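Per-chain residue numbering starts at 1, and chain names A, B, C and D are given in the order in which the chains are listed.
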Amino acid sequence: MKTTRLEAFSDGVLAIIITIMVLELKVPHGVDLAALKPVLPVLLSYVLSFIYLGIYWNNHHHLFQATEQVSGGILWANLHLLFWLSLFPFTTAWMGQNHIAPTPTAVYGFVLLMAAIAYEILQLVIITKQGRESFLALAVGKDWKGKLSPVLYLAAIPLAFVSSWIASALYAFVALLWLIPDPRIEKALKKRDD
Amino acid sequence: MKTTRLEAFSDGVLAIIITIMVLELKVPHGVDLAALKPVLPVLLSYVLSFIYLGIYWNNHHHLFQATEQVSGGILWANLHLLFWLSLFPFTTAWMGQNHIAPTPTAVYGFVLLMAAIAYEILQLVIITKQGRESFLALAVGKDWKGKLSPVLYLAAIPLAFVSSWIASALYAFVALLWLIPDPRIEKALKKRDD
Amino acid sequence: MKTTRLEAFSDGVLAIIITIMVLELKVPHGVDLAALKPVLPVLLSYVLSFIYLGIYWNNHHHLFQATEQVSGGILWANLHLLFWLSLFPFTTAWMGQNHIAPTPTAVYGFVLLMAAIAYEILQLVIITKQGRESFLALAVGKDWKGKLSPVLYLAAIPLAFVSSWIASALYAFVALLWLIPDPRIEKALKKRDD
Amino acid sequence: MKTTRLEAFSDGVLAIIITIMVLELKVPHGVDLAALKPVLPVLLSYVLSFIYLGIYWNNHHHLFQATEQVSGGILWANLHLLFWLSLFPFTTAWMGQNHIAPTPTAVYGFVLLMAAIAYEILQLVIITKQGRESFLALAVGKDWKGKLSPVLYLAAIPLAFVSSWIASALYAFVALLWLIPDPRIEKALKKRDD
């Protein structure tokens, strides 16, 4: 099986997730700027999730550029990742509509954590299939970002009950870490093409 | 007509179905973990439907890899399948929001049954067009999974009124049966390519 | 401009329209079969619209197989068609939730009529660009279905106020007319390829 | 990275945005034509946004036809554009459901403005990467439409508090300006191909 249709399907799911989140921005009843005030925290959490999904789309794209064949294991590891990403609209809305209350903020982090783990599993399944000496294995290398992120989420979840602002700041910080597209795979791809 | 656009359209519909189901996870009003309790059964039925749709996407993909041309009959048999799959979000939400009550659980099974029949029809229409000695006909072979599943659904529907947990367990069991990607077509495809 | 991206975009919009209609099937509060009763007319109108959108997707596909280049005119004629099709979920839900009341049934027919006209315009724009002697012009020929449908919709709209069942039957009849895939273009395509 | 997957993802997001806007056309409770009256302003603002999104899709398509490679900067500039476009359903519904009240109309214009700026940034990032003497840089040329539009939006936002009809007329006027597909890039593309 080629990766084309798996990529197209994942793109479709990601495009829908990123867009239906906006349906949680409930149209306010009032007609002045003050009516937008309760929308603001929802908008902010929407921005954060939008960036996260953009990062996942970007990394997913890189990952499958370095993958040639899809096995059953890769297919289900990919669906597993999409499952956790599909919960983003729910946790985003819950956190946003309650002014970043502790529990919703912790649950938001939990879904971030599970998505990060799902991505690591997907990467591992692909590398295992290709072999430890494969192109992707070397390109990913030590993968400090992929290993640091779950640790930071794990720290943020209990911290949400101390201050949900610290937890949110940690989520934003991890997003910033990833915002810069991963140069490892890109560099390796370039090398291979030369 | 080539299969490309039909596959892309089906992928789109499946991606949307799998994602809009999440809209039925209503954001709770409370802000503690207890507020998530009524969401849990909806989440569980969501997981089950997510896996089912993943299986359908996977099998659909395999089926059309072994198909080269689309006739009017194939096109409508495919839309017929998509129709029953499009009812998944409705039955999933009804079952989930009512703690797996007997009638919603039976109706959930009815839609599973109709989707399974629609898939068998689609497979039959393709094989009929290609001929009994065709590649796909031989690859599918006796198709015991495809024949067993409707029987199990048919058993689960009345059983839902005895115990909706038994019915749900049967649905989960059939999903498990299919989770392992169908090696028949894949093996046959490999043989053909060699 | 090639037709590929226009087809992909149209496919996306059609896949979403056909799927979000199902969101209007509101999950009932009751848990017995009687609770499904108010859902039934919505389901029936959903089936009708599903078939119509399937027909449009099918014909759209045939039309663009006989088209090679996209001009600004074709692009906007296509968006015009998508606009009217995008109103299907709205009219379908209005008609279905009110047990096929006269006005919603007439408005449903009005949107069908506008979509049919939009399709004719799109076809005309393409033929005009390709020339009266072009392949598509000859393939479409007299196009009696395309000319009869708007007439039947026009008749059904006032008839909805006499009996909304007659109007609905007319809509179903036109759908049946089209359900058989248009052999003209397919035949002509085959001839051309030979 | 090739532009194919970025275009497909953007198409998906645009197709979803353009279609979920229709979910804001709430099905009326009444069953006569009068019940459609409150829907009318929502429909009108839907038409305006539909045309705008059609224009963006069209221009986006032209832009990426003149682009060959995607860098990290282009990717994020594109996601930035999609973010502002994803807010269209929200502002469209707010403006439409409140009979074009001043503040919602001004906020609608603000999102138009931000989308226009995001588009200019995207264009700039691409041109910067390709070089000032590149094909796209010459094709875009002085880009008076792209420079006039933000100015008109900026004028319309405060004018919305004088008369929201003048502001809306300005939005419609800018849409009309763009409705004619940009001949610059198309002409230049043709020249290059010859």
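Operating definition for what follows: a residue touches a chain if its C-beta (ideal position, glycine included) is under 8 Å from a C-beta of that chain, and two chains touch if they have at least 3 such contacts.
On a predicted model such as this, the values are computed, not experimentally measured, just so you know.
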Turning angle required so that chain C lies on chain D, C-alpha fit (0 to 180°, nearest 5)
90
Check the residue numbers that chain A and chain D use where they touch, and answer same if over half are used by both copies, otherwise different.
different
Chain centres computed over CA atoms; the one at greatest distance from chain C is chain A
Just give me the whole-number Å value for how far the CA centre of chain A lies from that of chain B.
27
Length of the line joining the C-alpha centres of chain B and chain D, rounded to whole Å:
38
Sequence positions of chain B contacting 2 or more other chains
8, 12, 16, 20, 23
Can you work out from the touch definition every pair of chains that touches here?
A-B, A-D, B-C, C-D
Mind pulling up the chain D residues that touch chain A in the complex?
1, 5, 8-9, 12-13, 16-17, 20, 23-24, 72, 75-76, 79, 82-83, 86-87, 89-90, 93-94, 97-98, 101-104, 107
Residue ranges of chain C touching chain B (in the complex, touch as defined):
7-8, 11-12, 14-16, 18-20, 22-23, 25, 27-28, 31-33, 35-36, 47, 50, 54, 57-58, 61, 65, 179-181, 186
